[in-house]
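Read through the structures below before going on.
Common to both upcoming complexes is chain A, partnered first by chain B, then by chain C.
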Partner chain A sequence: MSPNRHSAALAVRDLRVEIRTREGIVRPVDGVSFDIRPGRTLGLAGESGCGKTVSALALMRLLPRGQARISGGSVLWSNGDGESVNLATAAEQEVRRLRGRRLAMIFQDPAAALNPVFTVGEQIAEVSRLHLGLSHGKAMRRAVSLLSRVGIADAARRAREYPHQFSGGMQQRAMLAMALAGEPGILIADEPTTALDVTVQAQIVDLLRGLQSEAGMGMLWVTHDLGVLAQVADEICVMYAGRIVERAGTRELFANPLHPYTQALLACVPRLHRPAGTGGIPGSVPTPAEVPPGCRFHPRCALSRRLAVELDAELCVNTQSGSVLRRCVDEVPALRPVGADHWVACGEVAS
Partner chain B sequence: MLQARAPRLWRRFRRRRLGMLSLAGLVLLAAVAVLRPVLASRLPIVCRYEGRLYFPGLVGVLRSVPFASAVVEESRPFSLPSFDVEKAVADSSFAVRALIPYDPLDYSSEVRARPSRQHWLGTDDLGRDVAARLVHGTAVSLKVGLGAMALAGLVGIVLGAWAGYAGGIVDVVVSRLIELVMCFPVFFLILAVMVWVEEPGVTHVVFVIGLTAWTPIARLMRAEMLRLRGSEFAVAARALGAGPVRVLVRHLLPNAMAPVAVTITFGVGHAILIEAGLSWLGFGVPPPAPSWGVMLRSAYDQIQSAPFLVYPPCVAIFVTVLMVNWLGEAVRDAADPRGESENLVPG
Partner chain C sequence: MVRYVAKRLLLAGVTLVGITIVTFAVTRLAPGDPALEAVSRGGASTMSAEAYARLRTYYDLDQPLSRQYAAWLGRVVRLDFGRSFHDGRRVTDKVGERLPATLCLAGGAVVLSLAFAIPIGLASARRAGGVFDTVAGGVLAALHSVPRYVMAMLLIVVVGVHLDWFSPYGLRSDSFEDMSYPGKAADLVRHFALIVFCFAYPLIAYQARFIRGNLLEVLGQDYIRTARAKGLSERAVLHRHAFRNTLLPLITVVGLLVPSALGGSVILETMFQWPGIGQLLFQAMTQRDYPVVMALTVVAAVVVLLCTLLADLTYALADPRVRYA
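Moving on to the complex of A and B:
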């Protein structure tokens, strides 16, 4: 174990990802910045297709070769000992040394992320053998102890079983045991509870929180589920169409959402005291190939439309989706601070 | 990892009756091929001649074992008796004959004899014992079938996996190579090679079949790799720090092996049939040597006068190919852990 495992951090600055398609180059992630701090959990929220998973893969340099690439920005990993690596530009060899050892990742669908032809124990053991240089026997014993650490009963027997013999929740626990085998300082969780049913979700959330405080890992939790983030995240970044539109502490974000998109998103979360049928947000996330100019949310923005009705006609412009503020179409809003620990990318809200 | 996996594979394989039966049958065939000098030979296995024990039959077996020939020639127990064996057997006080006491190349005046006590499967047009020839032909068929497919499997798996995983220019080159080789009429290529080679033998047949039969294996392997390389567990393996070679060899290959193993076993049967066809045309193993194909060829010429000669090589080829295919299917089923439904705990 590295002495400063508890101070590993990841600073992402202006990250851009390009994907080559038949129609040309698209940018599913376009200038994203955030920090994963030691012992803290950062939530990355957004609808499907907003670029959150691509961002997570880009951090680990796992984008599919030949199709997608990091086209700009930096992903600076540092361990608190003064050692730091820019994952966006480092050699593949260097990145591979860090993967699984310093940064680990768990995936949305554990059934697909586990290799079907090896026993769970063998797969966990492989990580210890690879990174800690353990012998086969030692690695297998360690795998058993990791399995019991992630809450699997009768771990010694379970380690000899295949992934298909595990339930969904147990598969995710096994995946987590694999991720923990290298004793990473940073854990990236890409929708770790989405494929699980609600009761199992709660167990996994509790487990991850417990392990995090135990190991002091910095965590990035990618999800579309704001309800989960309310439980786990210290800070939340809301992504829309490849950009971060709002960033705030969890409490602050839920108490005082400023960006129209965040407000709309929160309005979609079902509440007990509110009648069902929230209606959702009209329209859909633009595909990366057809992002609108200016603020990417303006075609769906209720605030912009409301202001367009209230304000002078010369400040407005007619678009396909109705009359909106001219500045929403012309200006690309930057993420600006609006309070302590609260940033928002909306020209109207900030001014 | 493999050492942990092998016993489990065997445990699951053992439950498949047809697979076990085929394995037993093939082991038996292999034993027949190795022990052919003892099973079918005019030399007795043991005989006492002029007060001394001789083991002339064992000499042949020992000779086929590598490095054993040194022991054979000099020391007495296994030395070749330098006397007329037939006479010696008649004279000797004690002799244990081979099960089929004929050599595959021994001519006799008893031509086209029907199956009888003396000749279990009859004799062919030159008076050679069919049973003896069948036993000796086993070695040729197994050598060709297993040797050619081992070679084809090696080439096919390496090229196919490389092309499918690496993609890009490697994939283009390998794919075109596959198409090129597939377009060759294999049978005629072999004919050409066998004519061109000065002394055609079993080894040439093995190499030519092996170096042409790898295309379906490579194609299947490439397709499996294309499917698997984008799979989430491949990404997960990379996320945990595995390099490309490790991902390919440790994570993807084992997942692709089941269908490929089946293709290879089917190929064994096919290679045996190609050898039979070649020999049937007279281009395979040179004629006096016994091979199932050679036997079938000569039997075909006399199908009117001695129809019973056709059955032994036909049945031998059929049964062998069938067993190899059954074995392949059983291995495939045993290799797939999802086929194991026991211990499944829901929830």
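Moving on to the complex of A and C:
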């Protein structure tokens, strides 16, 4: 095991991504900052289409080539030993050296993420051969032990099977074994349980938590499910339309959600004493091509609308979606600290 | 798997019988009369009605078509294809001595075309829309649009006769037996090159396009992103993870191309005086040599059916997801 595995960190600052589409250039990630700290789990939450996957792929420099690119900001990886690389600008070769070795990633749809024509064992062994220089035989034996480590029974036989012979939960376990093969300090998980059955989801959550603390990895857990993050995350970033709108420790965020979007999201999470809010938040996430001016959440913001009723008419403006505060339309709220380790991007909450 | 193969073979047998029935009917209903041919070969410009009738009886031609077919099938089952109407030699001998030349041609063309198509397809897909992709795509499309016989004519006249770089006619030189081993090899290459190229170039164009298109599709798959996330080089991603997935459909395509290559052999072998079954078929057709035509039909049909079956089976072996019940 690499000596500094427990102190790897990823500092993301003002990350911007541009995608070329038929309608022109769009920016699905527009100035995002967060830290993946050594041995800790950062949750990245938000509805579908708000830019979570694009952010996660950007960290690994895995954006679709020729189509999308990191257009600004930095992604600074460091191993606590003075070594650091800015993944946003590093040469492709340098990035490849870290990928799969220092940073690993697992994906939402494990069935599609595994290559159908190679055995599961081969696909896991490939990582150890590439990054640890193991021989084929040694790498295969290591793949078997990794498979048992992620809870697959009869791993030696299973390693010789093909992905389609695995159930969804086992495929995600295999993906995890593949990610662990390089002994990474940082693991990025993009909706690791979304495609799985509910009962299997819980197993994978438990497994990931266990392995994360055992291996001491820093982790980014991307999901639209705040309920999962309540169990696994130390800190949570809430993302909306390509930006972070609120950031806080998990306990703090659930106890004291400040941003109207976070509040609306939390209202959708089922709790023991309260049924889930039906139908989610009214309206939908704008596509990157049509982000509204000012605060991107204003067309859906309950707070702005409520304040517009209470306050003078001259402070308000009529929009397609009703009367809202003029400030919400005119000013882009920055992410500002509102308490110890609690940040919000809303002009009305901060004031 | 065994049951699947048995089922496929049975089906192939039925198809084969169907093909022979159609060919049998078409050849006999086409204008021309082997008995007349035989007589005119004998030098007589006129003949007695009696001699004509005797010949027709000799060839079974006076029987109803269904009777003729049944008799033919009965012999074929015992691998007896009869004797040539033309020279009286056993049909199996005539076909057998010519089969290797054509198989070499088809095999050579497939190997040669893949040797070009795979690297071209890979390089084109690597930078789709790039300079190489555009140029190679244009050149191959242009090549593909040239009919084989035009290309053959050009090559025979310009490269063969005029420049004299290659020998456009036949299998080997007359002095072949007197040559040293390297000399023999060179002589074979000189004779083989042009005709094999004529067979191969449309295949190159077709396969390269096919490989490129398939690779681009595969490159958009999630598992390619996984391969990149492992830290693999772009080369390893393309050559190992992507190519392995395009190999499966490629096998099928090649299996289906062999028959079409055989189809081209009639014209090309005739033009290049290549002593294969294509040339034989051409001769047999013009001579109304029914037994030879029928035998070649069976050979061609068997090759086609076998290629398709082999393509399917290889596919099954290469793709772990395909399992036959």
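Observations on the structure shown:
FYI, the second predicted complex is superposed on the first by the 346 of 351 C-alpha atoms of A that agree within 3 Å, B and C clash if a C-alpha of one lies under 4 Å from a C-alpha of the other, contacts with A are read in each partner's own complex, and residues count from 1 in each chain.
Please note the rule applied: a contact is a pair of C-beta atoms (placed from the backbone, for glycine too) under 8 Å apart; a residue touches a chain by one contact, two chains touch by 3 or more.
Since the model is a prediction, treat every value here as computed from it, not as a measurement.
With the C-alpha superposition on chain A as described, chain C and chain B clash in the combined arrangement. Put chain B and chain C next to each other and count what each touches on chain A; the higher total goes to B. Looking at the shared chain after the overlay, A:Met178 reaches both chain B and chain C. In the superposition on chain A, contact of A:Met60 is made with both chain B and chain C. Legend: residue contacts after superposition of the two complexes on their common chain; A:Glu122 is shown touching chain B, with no touch to chain C. With both structures placed on the common chain, the touch criterion links A:Gly24 to neither chain B nor chain C.
When the two complexes are overlaid on their common chain A, residue A:Met105 makes contact with chain B and with chain C alike. Of the two partner chains placed by superposition, only chain B is touched by A:Ser167; chain C is not. Note: residues 57, 60, 62, 96-101, 104-105, 107, 109, 112-119, 126-127, 130-131, 162, 164-165, 175, 178, 182 of chain A belong to the chain B contact set and to the chain C contact set alike, using the contact criterion stated above.
In the complex of the two chains, the chain C residues touching chain A come out as 221-223, 225-233, 241, 244-245, 248, 318-321. Interface residues of chain A, counted against chain B in their complex, comprise 57, 60, 62, 64, 66, 96-101, 104-105, 107, 109, 112-119, 122, 126-127, 130-131, 136, 161-162, 164-165, 167, 175, 178-179, 181-182.
The touching residues of chain A, counted against chain C in their complex, run 57, 60, 62, 96-101, 104-105, 107, 109, 112-119, 126-127, 130-131, 162, 164-165, 175, 178, 182.
By the touch criterion stated above, chain B contacts chain A in their complex at residues 1, 4-5, 167-168, 230-233, 235-243, 246, 250-251, 254-255, 335-338, 340, 343-347.
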